[in-house]
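Listed next: structures, encoded as structure tokens.
Note that chain A is present in both complexes that follow, paired respectively with chain B and with chain C.
Then we have the complex of A and B:
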């Protein structure tokens, strides 16, 4: 469960050491690129590039597939559903009554699935190589208000805690004979009230004591904040940034200036 | 132990644990080969330091966790394959934190929730709820929202909600945590009444004073194993063993150990006994 909430895995690779701001920018650029590219082959090349990065970040294939389990299911759904709802183009491969499966639609489905795969994997790299603290620090450096950054950091930090809390509450109610999965949808959602109310009450109590703890450590006493660890761009970060912009700009130039269809 | 000839021992058995192992998903071995028999009407304390496996064991007894290996037998029938809601008719479990189960608008509704889930007939539910509210002295809080009560009172509500389910076995996980001395001793008195009514009490705790005063049998756990299973006197006479489980005998026993050179026996477990022994050593009152 914790592995699912926080994908970050500690390691010492150049991707882990990179300035988180550069990583956020990189991920945004690569995501945009996934939308710019329309050919299946160029998307597959992009996907291969992203997997190369993952490999360099020492992510194992099994962990990656596990983390992206839901995305994989979603991709399969796209590949199945796209041809069913998109009857345009020829040749028609098969038809069942009003449903027509055409060859271009099948390719469009696969292409869209590849695009979703690119997007998911590239964001996974960011989460895999960047600790939540660094992410928040980067966001604050990029102009997000510190309070919001702190609130975000705290919520991320408490996700596993609340996961455990909900498990414990479920157990407590099951011990009282509650069967969560019993009954129709209405009954089932009513069953969950017995889990939801204690969860919310406990969450509010936690928030309350947390705010006291923050105050008792003089949170907000100074208007300007100082940092123990400051983010500083290094020359290697600049280099990566340059390479990235090239990777981003070249396909766009090729596509829109030279009219190469990629 | 005096073997009872009149009642067949098989009928008496409330809970039987055979070779129980439990490993959490992350690979933590919480229980390694637990064997335990608990007879109807017993008052057993399961003690052990944090992380010794007490709560994991309790959750296995109710089927909230299912054994990785070995089996749990509830009243002569294996627990495997039986739903938690079914086992809950026999084994009631009051969780450590009452706030993990309180959610109703009034104490009365809260207490009614369990028996309602178990599907007792209407009239029986009312009787059980009345009995539970009375036995936990909650009469004046009937219409009060449980979450507005003090911790000691909330704990009583959570125990009342188990009593109302009318189980034959009660598991109480650290029932006195966060209670003051007065509240704790009142609560323990009520548990004793339950036990005298014939209910089996399984008390999970690391408060050795409670154990010395109330339990008739102590199961000491350490690192997922049963280190010792005896009466409190036997359990406390070996402080070294208890220390292996991050525990310490109650203060009165420790004092008796210090005084052992004067001829005070080491197995004293109550202040009254210590006074008696001191008198004896001094030679008459």
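Then we have the complex of A and C:
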């Protein structure tokens, strides 16, 4: 199993310094924008904009490729499968028996693939530039209940721990003669139970001691808790927010008020 | 049902002001991490054309059948969505949140009873699994707009995932309850 990737990379760019709430909003607005835009070229512009941001966030090539690894395969499949299932449109490019490949269908497939590309990569603007702590802090500030935020922080904290735990239990069971890479999916999954049961029991023990630790640190003693570090919107954050809203609103105005097809 | 107040435990019995008990917070956080970690660790791409297979569903069913619909929906939904982001398929994360969350919710509501009879567990897994498959299908078709071909191609894989995940999740629920009885002692 490949090691867990912590998507966050330490760096000092304007995206790293930006208020995480603004970044969360940016991801949501840009995702919605991808649904509003329907032309291929405007979607490609959006995709280029997202990649520009990733580049400005100093995302290294290997990280960007990681973000793209899954998406590229997905996009290729959409482009291949779309025309096969969509026989509408007039200029027929090719036909094999009942299957007709038409030109508009091909373009629709490419457009949809571009949209999927936007939706898939826009996440990484947030994930590459925001530490887990900031992310949870921003969510709590945005109105997520503190205890839910804490549960989320705990789960993010323990993810790599459990990844390592699963690995060592796998090794231990292999040493006892368990074969995990043999047989079909059914057999393989059945063998996996021997890994999962110890993992779960061990994780539940962790949960027990964790709840003791929380209790001993007076978790939830007062409902009006205070924070050591607080998030504050700076003027540059306000500026980015303004630009963001403009980027989001202008295409919508152009599309629905001026009826420009974008 | 995993209640907020757990009186039979030596710790975690005190409900703090306005928050859920520390035991619940710890348990949910851990189960969410575990769901994501198991999805991630058991990730096996299996065909050259597409798709992957994982045991994430078994964890969703396990949480739902052992601890109830609340744990099933929260840990299943958030854990699976987190695994999606970590695996590089972040585009699925919002759909996964709804699909797996609903799956955990339904299988917990239907499948978990006081002395869970087998057919109720099976019914819970079937209803939850169907919800998951339908959500992915319509989510891909309508929300992501990937075309009928891609959305249809996903269905058989999801069915296989639900069948295997259901069997393993029910097995896990049985084994873990036996080897860790205090889990459901409340």
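Keep in mind that, in the parts below, the second predicted complex is superposed on the first by the 257 of 262 C-alpha atoms of A that agree within 3 Å, B and C clash if a C-alpha of one lies under 4 Å from a C-alpha of the other, contacts with A are read in each partner's own complex, and residues count from 1 in each chain.
What we mean here is this: contacts are C-beta pairs under 8 Å (C-beta built on N, C-alpha and C of every residue); 3 or more make two chains touch, one makes a residue touch a chain.
Quantities reported herein were computed from a predicted structural model and do not represent experimental measurements.
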| item | value |
| --- | --- |
| Side-by-side fit of chain B and chain C on chain A, or clash | fit |
| Partner chain(s) touched by A:201 [first = chain B, second = chain C, both, neither] | both |
| Chain B versus chain C, judged by how many residues of chain A each one touches | C |
| Touched partner set for A:168, first chain B, second chain C, both or neither | first |
| First (chain B), second (chain C), both or neither touched by A:73 | second |
| Chain B versus chain C as contact partner of A:150, first or second or both or neither | second |
| Which superposed partner A:258 touches (first chain B, second chain C, both, neither) | neither |
| Partner chain in contact with A:85 - chain B first, chain C second, else both or neither | second |
| Touching partner for A:176 - first (chain B), second (chain C), both, neither | first |
| Touched partner set for A:119, first chain B, second chain C, both or neither | second |
| Smallest separation of CA atoms, chain C relative to chain B, angstrom | 5 |
| Overlap of chain C and chain B interfaces on chain A (superposed complexes) | 165, 193, 196-197, 201 |
| Residues of chain A that touch chain C when the two form their complex | 1, 4-5, 7, 66-71, 73-74, 77-78, 81-82, 84-86, 108-109, 112, 115-116, 119-120, 123-124, 127, 145-147, 150-159, 161-163, 165-167, 170, 185-186, 188-190, 192-193, 196-197, 199-201, 203-204, 206-208, 210-212, 214-215, 219-223 |
| Chain B-touching residues of chain A, taken from the complex the two chains share | 165, 168-169, 171-179, 193-194, 196-198, 201-202, 205 |
| Contact set on chain B toward chain A in their complex | 59, 62, 64, 83-85, 88-89, 92-93, 95, 97, 99-103, 113-114, 117-118, 147, 161-162, 165 |
| Chain C to chain A touching residues, read off their complex | 11-12, 14, 16-23, 25-34, 36-38, 40-42, 44, 46, 49-50, 53, 55, 58, 62, 74, 78-79, 82, 85-91, 93, 144-150, 152-153, 160, 164, 167-168, 171-172, 175-176, 179-180, 183 |
